[in-house]
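Structures follow.
Shared chain: subunit A. Partners: subunit B in the first complex, subunit C in the second.
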Partner chain A sequence: MGRLFRPVTFALLLVALPAYAGDRSLEYAVKAAFLYKFASFVDWPPGSFETESSPFVLCVVGADPFGGRIRSAANGQTVGSHPIILRQLAKEEPRSNCHAMFVSGSDGKSASEALNSVRGTPTLTVTDSALGPTAGIIHFVIADDRVTFDIDNAAAARNHLVISSKLLALARRVNTARPAAVP
Partner chain B sequence: MSPRLAAAALLLAVLAAPLAAQTQLAQADDLNRLSIEELAQIKVTSVSKIAEPLSEAATAVFVITQDAIRRSGANSIPEVLRLAPNLQVARLDANNYAITARGFNQSSGTANKLLVLIDGRAIYSPLFSGTFWDAQRTFIDDIDRIEVISGSGGTLWGANAVNGVINIITKDSSATRGAMVDARAGTLDRRLGVRDGGSLGSHASFRAYGLGLTQGALERIGGASAGDAWNLIQGGFRSDWHQAADAITLQGDVYRGTGIGRPAVLSSGSISGGNISASWDRKVGDGSLHTQMYADNTDRTLVSGIDARVNQYSLETQYDFSLGTTQKLVTGGGYRITDDRFKAGPATAFLSPASRTLRFANVFVQDSVALSDELKLAAGIKLENNTYTGLEFMPDLRLAWNASPRTLLWTAVSRAVRTPSRFDTDLFNGVLFAGGPDFRSEDLIAYETGYRGLLLPSFSLSVSAFYNSYDHLRTVEASGPAVFPLMVRNNMRGDSRGLEIWGSFAARGWWHLSGGLSTLQKDLRLVPGNRDVFGVAFAGNDPRYQGQLRSSMDLPRDITVDVALRKVGRLRSPAIESYLEADARIAWGATEKLELSVDGENLLHARHEEFVNPSIPAGEVPRSFTLAVHWKP
Partner chain C sequence: MSGGDRLSAHRFTPAYALASAVVLLAAGIAVSAYQDRLFRAQQVSEVTVQGQILASSVTAALVFGDAKAVQEHVSALKINPEIEAAGVYDGTTLVASFARGGKQPLPRSLTDRSTLVMSGRTEIVVPVMQGATRLGTVCIRAIDTPLAHRLTRHLAIMLLAIMAALLVAFMGTTQRTLRAVNRETELRALALAETNQLLQNEMEERSKAEDALRQSQKMEAVGQLSGGLAHDFNNLLAIIDGNLHLLRQTGADDQPAMQSYLDAAGEAVDRAGSVVRRLLAFSRRQPLSPRRVDINQLITDMKDLFLHSAGERVRIEWNLNATWTTHCDLNQLENVILNLAINARDAMPEGGTIAIETNDVTLNDRTRGGDVAPGDYVEIRVRDSGTGMTEEVRKRAIDPFFTTKPQGRGTGLGLSMAFSFIRQSNGYLNIETAPGQGTTIVILLPRHLGSELRGIA
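Coming up: the complex of A and B.
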């Protein structure tokens, strides 16, 4: 067994290293970690949660580019006192009650439909420039080899969300144009 | 296919699947541990590792994270610093420690070659170029991380960053919203801390904290109380404001501590002080401008009648920018004033003059040039002018080679100085002591090299080696044939060399192991013509090696178990036996808001001794247990 074990260990190294080093794998692992961390920097309006311990619903609408990573990233994590639960939806369904929604742009039309369907409701929408140009409140971009994001703070205000200044400071670009005041 | 090969292939298939899954889990787990700022720093288009934000630093730096602090159960900054394998931490009495990097913990219980900063505020005392650890009670939960750099950092950090720099960095107040209560009661110490924080409008946030603690007395040999118990109360705040390209931070603390031991302990007494600091960061083009100013007051009254008061005022600014695509520059300067008043006791030593104002001005520049994609050269120099010795220069040259995306090799040569302190030059004691009118700066040329990288996806390793060449080290000498009065001079030189190795290994997604080892060999000698009376041992009483091993487990039902072992080699003069000690902590996250933990410290001996200051009766650290409640109402 001892003689056998050495080549096996070596072979394992060869297998394991490239698995770890895959570029997109890390990119999406980082995006997944961001995705659930965003929630800590956003305030939802009162009434968004039934009770202190009701779950925070994170939805992935459309094709899932994370391949299980989002589940491991969110596993056991909470937003304040709310445990995170993950819902994967083929497309936005009415009354799915997502607090945050990652919308993949695999089909541009369905992406903007999903975004429009939650317009004005307290939903944090997140999109990915690598998957399409349709942008939600937070839009992932890659800049300087790093994952960063643009924030549409006006869209956040329309959805009654308050994004913390710390998250705004981290963003590459922030659209702060406020909607015209209603007389 | 031979049977053996077939068996190997089968085994490979069976083993590889869970390993790959585990690797991915470990990766997600590691990413979850990072702050959102750190996530934003990870390079994703190049093959990267989790510690990317650190990987390019061509220096021996160990980072103590908040998670590691919490899991250690440590309730004071010196105890937290034991987590850094590149520091030597020895407890002197209930609330004083000797802490250094790369040696030179002096027999008087002080290290004068280590610079310590809290959020950019230097906390070493200009009286003796060391840190009074009893006055540094940062609210532990508010610490974001502690960066421990072993090796000289004079070019960026200035005089006194001779053997190392400790940067204690607290969290932005936007990360500490809501109320929090941390209560600990144990066989040795008791502590209650309360913090509350929240938003101030949409761009600013605020937190305030208060804490009270009793640090129990250590024990004498045989178990009698050392009479050095201590009470302290402290309060403070931090407020941060972010908007577009600007970030402003305002923070401050006040504290008061009193010895409650027997007044016969001459070192007991009381301390009080406060500080306030403002910093402003602004993005300018693709660069950034950082400006900070602070004022810091400390007052220390001893039973012997000494009353020492020090005020420090500092203003500094730093500009980071790129020049073309290959050069990154950092340049800046600062001005600091210290203003002290030392009132002697009836029969104590005194400072002459009793009050003195010292001025320090510095300018520095460092240019980091990418020679190729993998090779980076950084060259810098700091010029610092001080009241005692005038102009000092601290140059630094560092080369970093990313030999592979997971491997950094670096090497550096630098010069650092320790400028004189009041105790070096102005300390008198009747016929015994007559100051150091000719004392000049101690200086060091440091040669270092190191490796940092991932040996396996789950195994990171850092190795650094140094050779330090010191000159003009402090000696205490006879003034003439009659020996007394003694005077402080610079007649020692020599070198030290050592290794610092640390690593961490994710054995499983739920089980992390980490360890560290440091070695030190000092070879000091007196310069011909000296009249030294104490010998080279006086310069530092350091172990030749120390090591630590830590295990962190996340068990089901929100239970975490942490065990730490540390071994410290023997000290020679005064002699302390080598010792092995263990700490253990079990914590249970009862609910999302409530964590209960029990913590045992120094479990292997009823009591053990870590350091001897000949002028203070030895105190031994007893075994202790603590119950802690961490509650976010």
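Coming up: the complex of A and C.
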């Protein structure tokens, strides 16, 4: 199967229900659900977790567009054996030890700053095209009225993260090229 | 090969051949069935692996509810011709599937796992897991290879088995044919042996005939010799007799001594004449004067003569049953019968019984014996209760001058002359005897149907 279905498929991969689009609350419910599900398809480098039962820290930096949906979606969920902890941050704080970070940043500058601050650390950054063009490793997009995402695999590699080919296969677009120098 | 072996082998070999053929076929079928099962097991394992790969591939798509991606994964399985239908269930709901044209699609809802496993199909069910969480289920139904296709796969083995079976059957048949041929050959050999036996019998008969011919030539020679001698001798006797008569007329028998000399000489001449007649009869030169003869009458007239000849110690039984008449020389027949009676008496020095019997007999092809011609005969049997003869003696009994009597008692011409006369009269003479069993001389004379006047009263 693997050889038949290459992860580098550039075909559009669409999320199930077209009804999600157009309804922002549904859209963000889907995105909230996606947010913690991504973690299952990403490998963090060794040492990212102190113990097997150390919590998985999911941070939301800046304004929270989900309105509490992340909390309800991630409630009681685990990433592997790690329970999910949700942390709301006004802006990126050093040594916040986020494993995954949703960067809303209503203006591109603060978003870029936040992304830059975790560059090279094992942090999975997630951004939303609806909130600005600044893209993290995973970038939510709406295509054909469906919630889908682009993946910047090069950025993931910079952050020492390994994204499962299964997830890559679902991405609308995957960037594997070495990124140009980030300003 | 003995008869029993042949019989049993003949009976069992086709059965063996048949059994072998059946066994071979069964073995072929068994091997094919085993291979079929093996193939199915392999099919199941292959499809299971593919199901596991699919289950692992669609994890993310299921997690993110990407039905299209799931469908792409599922559709990719179409490339495998072994797979008839495949589907992925999110929970229990079918989210993506395909089924080849005309094939039964997978159920839309996975409410009961047993509905998936249908008889005669190879279906596998693999859970889609993320970590310890079961996300859904992958179902794959392998194509149900038609029996014909499966049989085609096993064609080689079946062909081999069938060929082997045919070979065995052919060998059985061949052997059977061979046996039949052998049997025929044997029958021919038997027929040949039979023919050989016939040939040998013929050779023996021919040899007998040659013996008989030689015998008859011998008799002929002896007859000619003795006949010639007898004629000359008869002429000489006539001269002697005539001269004896002249001597009497000249009164030479006045003297008593002379008288007795002449009588003795006359008697000797008579006896010599008798011998000469016998010789002539034997050589068949004696002219016969055949006439109609009533055998019973003849024998009745001879009774006194028989009684005198037989003597006191011999009893004579008469059984004259013949009603037919024959045609022959009366005097000669009389002589023959008297001779036979005398021979019978001589065979019983201690006394006994002579039975003289006459019968009417009709011989047809079935009842006649030896060289006797079929027809009506008057039979004369002269039986004694005497010593009998060995086969050796019996064979020579009718040879001229053969006798078992002491020197001077018999001439050895009696039976020979009788035989000669009877043959001359178109009759037969046969001797039935065995040592200690007595002897019976059987004479057959042809029945006379003519109206010639009876020769004797």
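Note that in this section the second predicted complex is superposed on the first by the 155 of 183 C-alpha atoms of A that agree within 3 Å, B and C clash if a C-alpha of one lies under 4 Å from a C-alpha of the other, contacts with A are read in each partner's own complex, and residues count from 1 in each chain.
One rule holds for everything that comes next: a residue touches a chain if its C-beta (ideal position, glycine included) is under 8 Å from a C-beta of that chain, and two chains touch if they have at least 3 such contacts.
Small disclaimer: the values here were computed from a predicted structure and weren't measured.
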Query raised in the report: Which holds for A:142: it touches subunit B only (first), subunit C only (second), both, or neither?
Result: first
Report task. Using the touch definition from the top, say if A:34 reaches subunit B (first), subunit C (second), both or neither. Result -> both
Query raised in the report: First (subunit B), second (subunit C), both or neither: which does A:162 touch?
Result: first
Requested in this report: Look at A:26 in the shared chain and tell me whether it touches subunit B only, subunit C only, both, or neither; answer first, second, both or neither.
Outcome: first
Query raised in the report: Taking the superposition as given, does A:170 touch the first partner, subunit B, the second, subunit C, both, or neither?
Result: both
Query raised in the report: Now for A:90: first (subunit B), second (subunit C), both, or neither, which partner does it touch?
Result: neither
Query raised in the report: Once the two structures are fitted together, what part of subunit A is touched by subunit B and by subunit C alike?
Result: 4, 11-13, 15-17, 34, 37, 40-41, 80, 164, 166-167, 169-170
Query raised in the report: Which residues, counting only subunit B, touch subunit A once they are in their complex?
Result: 4, 7-8, 11-12, 15-16, 19-20, 23-25, 27-29, 31-32, 34, 36-37, 39-48, 172, 174-175, 199, 202-205, 240-244, 247, 405, 456-457, 592-593
Report task. Under the touch definition given earlier, write down the residues of subunit A that touch subunit C in their complex. Result -> 1-2, 4-5, 9, 11-17, 34, 37, 40-41, 80, 164, 166-167, 169-170
Query raised in the report: Hey, which residues of subunit A end up touching subunit B in the complex?
Result: 4, 7-8, 11-13, 15-17, 19-21, 23, 25-27, 29-30, 32-34, 37, 40-41, 53, 68-69, 72-73, 75, 77-78, 80-81, 142, 145-148, 162, 164-170, 174
**Report entry** Partner subunit A, residues of subunit C touching it in the complex
**Finding:** 50, 53-54, 56-57, 59-61, 63-69, 72-73, 76, 79, 130-131
